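A, B, C and D are the chain letters, set down in written order, and residue numbers restart from 1 in every chain.
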């Protein structure tokens, strides 16, 4: 049972950090050559509560872009070609100041990487179990954010162990899990004033997030897949897409991968690498047949996956947390909000 | 900029009305601040959405191969660099001259949004929410701030050193020709690592490409990249590993740059497309500098030009050929 | 906990060239560890990832039936990097198998019914599994009539020729083996699978059909079944998309909301009618 | 066979890409004439240096060679009229690019050797091998900073 919220003065943050970093590697957003990236944190002084969200989502921590799954000896005969799984993560970790949208994305990915006990992805599970997520409520949403429209929000709690709210000289601390609770047990309880102040900060932040007009993915729920699939808008929507993988690689919920074997001399390994549904080769068969051979098919796949297929299979949950990265980084500025608006508008025009 | 945009709309509308083209490929207002998006206008009404600003950082020529594949006659809004790519595509026989109508735009250079962000201190949590262009100034606004910046100081690196701002091929013009160059001396800034001692170059290379996520946006934004199967996707044999290993990332970038030799117009679409802000032109600018100095060639300057990598001269330099030591 | 990416080590016990063009070979694989054999519990219609360290994995339908013991049978067409390597491998070589993966033909639910199997080309593999399973004395009596329609380009391109001969001799199976064109020494039927199906005219009454074959065969067989009065929910098809992980995560094999590797590869025609044709 | 003593014992591995019509013949003739040179390169025979994909060079370095040597017909002598003339431009740009990115010039060599030039083949082979040998083995222990050729090697 989660108990009271706590208060953490920034003047004593160092003590808290020391406790947090005790036996754990701590990572947080840092500024590096003009970009905001996830980096290792050596001491409390390196933690910056004013930074925007990182350009890349922290999914790399659980689902590295290249990950060795297993190794083998690349030789014929006894002892050769037998797979030995890569060792589990050797450390415990903390992701500090993770944005609620990114944490919510991991909850969604949990449902995909861990579907049943026969097929649970142990590589994902291992890193998830060994990583504590300390969230920071987001008070400075970017112009492309639309988290409140996807059922997420700047102070969304799902997936976090602790949620921090920056109150200027102090942090309002909300423990959200057993391990979060254990970390903050020694902090003083928050008074009613701070509780209300934190509520105001969260409400103000939520109000800042844009609510894109016409973005109502609920309207897609319950529609026949083919109604949406066959909408005439797809060719036009996809014509400016370059079919690069940017949107999928910056996306916190995209999780497609490829598995490849690499050998050199007697060493061999099986590696999984991020892959993207935007690439023609993603679905191409060895025979040359390709179920999604056209650009239109691939663009449609990405949007329908997030807003039709995942909701159908995951109790209505969207495959998008509204972080806005794909809009921000798309080389041709394809806007998911506009795409969904048009999907909704067009599908509504078809009588049920 | 406004006058250019209006003229582009007017020309596009006319071309579509007269049935001279099936589509006009240009830019429309983007969804994000400091971004315009490529746009395919297919009706005279849609031509009204075309625009022109300091943020048209892609390359419209990129889409011509796609339009040609669909059998469409395309109008293409092209500034100097993009018009050179149109020429290049015609020379490389990817696009037929009579299937393209070039709407030329004398270009004043495009603004690098990352430079703007740096100037308004994104690090302090300040986000650009809108940018208005007022003459040579950009009025940048966000929550709680407004800042006026000089457009000229924020141009993309390639636009600073642009040598051909006016279209080299145009069937229509959206403005009177402008000053030919961006003012910067390309040969002094191209190939920045040449100035480094040889031992430091690799360190700089690594640092430059360390953030690459291999999304291939640089390749896919490039109008030169139209191969049906790219070398990185070849499976039999598979040349490149698909991992984030330095060797795989480096090999990709080296080969990508090499494939642009004698073809690159330094349009900067690759660098603008990169979600990680990688300075990929550090490689292509070196190659193009060599092509200029060795073969006196600039890509896309004429429909009759022979691309330098598809020809040779008997007296081409071969200083690098080993002579086989003393007898 | 099971690592779903870790293949079971298996040894190639036997290899047989199946077709005259030598592009299809059958491989009999035995588990190196008896525990693995016990863990690998499969049913007809499921597939597995064949894993060759250094080359990769390929999803291949299991052609053996669990009634045949612990040895697995796969029949592999030489097309890509992994299959080409597999074609170079010899009895005694060690490789890996990961699975079983996907859903099987719903044979248990079809008890008491007539079964019609329609196969084309080398898509017959998992249908061989189904046939062997159905014809097993423990199972045969639970089903009504069994009709087996199978076509290949030429006599030399038919798989499992000995078994086909044995099935033709049985009186509790209606076998219709056909080839596209008349060939020397062929005394069986001649004609495409849809035509032969029309002639055989299997009744849809209290029946299910398992259909596997190249897209063109499916395309032209469908109207025949429609004409014979078959309903979409009586027809089961097995899809073959590109699959990597085999466990519904890696994202490349989906047809609409379903992952072919985990929710398939067996779907009813009724299900597919409401899904994009991305297969 | 080698008489060199620097980096004692270090035998470089060099990938050599030879045109079938000239340098490959030159190597053959050198052998027939009993001309001696260190056997530190492995030859890949090409129909023409025009077949030489720059990717071959990177691939060789990824596979762990210490140096690459490409050799074909003298300008004007190409069996296919001008394959080597196109190749010359490609090699020029490639060598410039790789050295610009940090490749040590001693690791990538080009030569024109005809099938009659057995002695030139011998001299060039010694030259190439010496140039690569002089750079020493590619390993982290050998140098403070990571070099291009070190990091181009695929590590598994």
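Criterion: a contact is a pair of C-beta atoms (placed from the backbone, for glycine too) under 8 Å apart; a residue touches a chain by one contact, two chains touch by 3 or more.
Just so it is clear, the structure is predicted and the values come from calculations on it, not from any experiment.
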*Quick one: most central chain, C-alpha centroids?*
A
*Considering B-D alongside A-D, which chain pair is linked by more C-beta pairs in contact?*
B-D
*Roughly how far is chain A from chain D, going centre to centre by Cα mean, in whole Å?*
48
*Cα centroid separation between chain B and chain C, in whole Å?*
51
_So the centre of each chain is just the mean of its C-alpha atoms; given that, what is the distance between chain B and chain D in Å?_
35
_Report the inter-centroid distance (CA atoms only) between chain A and chain B in whole Å._
31
*Where chain A touches two or more other chains at once, by residue number*: 258, 260, 262-263, 268
*Which residues does chain C have that touch at least 2 chains other than itself?*
80
*Do you know which chain D residues sit against two or more other chains?*
154-155
*Using the touch definition up top, name the residues of chain A that touch chain C in the complex.*
69-70, 72, 74, 76, 80-83, 85, 112-113, 115, 117-123, 224-226, 229, 255-261, 263, 268, 270, 275, 277, 282-287, 291-292, 297, 301, 304-305, 308-310, 312-313
*Over in the complex, which chain A residues touch chain B? Could you list them?*
31, 34-37, 50-52, 55-56, 65-66, 140, 142-144, 208, 236, 239-240, 242-246, 248-250, 258, 260, 262, 271, 273-274, 276, 279, 281, 295, 327-329, 331-335, 337-338
*Provide the residue numbers of chain B that touch chain D in the complex, in ascending order.*
191, 193-194, 198-206, 231, 239, 241, 245-248, 250-251, 254-255, 257-258, 261, 283, 286-287, 290-291, 294-295, 308-312, 314, 316-318, 320-327
*Considering the complex alone, what residue numbers of chain C touch chain A?*
1-7, 9, 51-57, 79-80, 83, 93-96, 240-242, 244-245, 247-257, 262, 274-276, 278-279
*State the interface residues of chain B toward chain A in the complex, per the touch definition above.*
30-33, 35-40, 58, 62-63, 66, 114, 117-118, 122-125, 127-129, 143, 211, 213-217, 219-221, 233, 241-245, 269, 272-273, 275-277
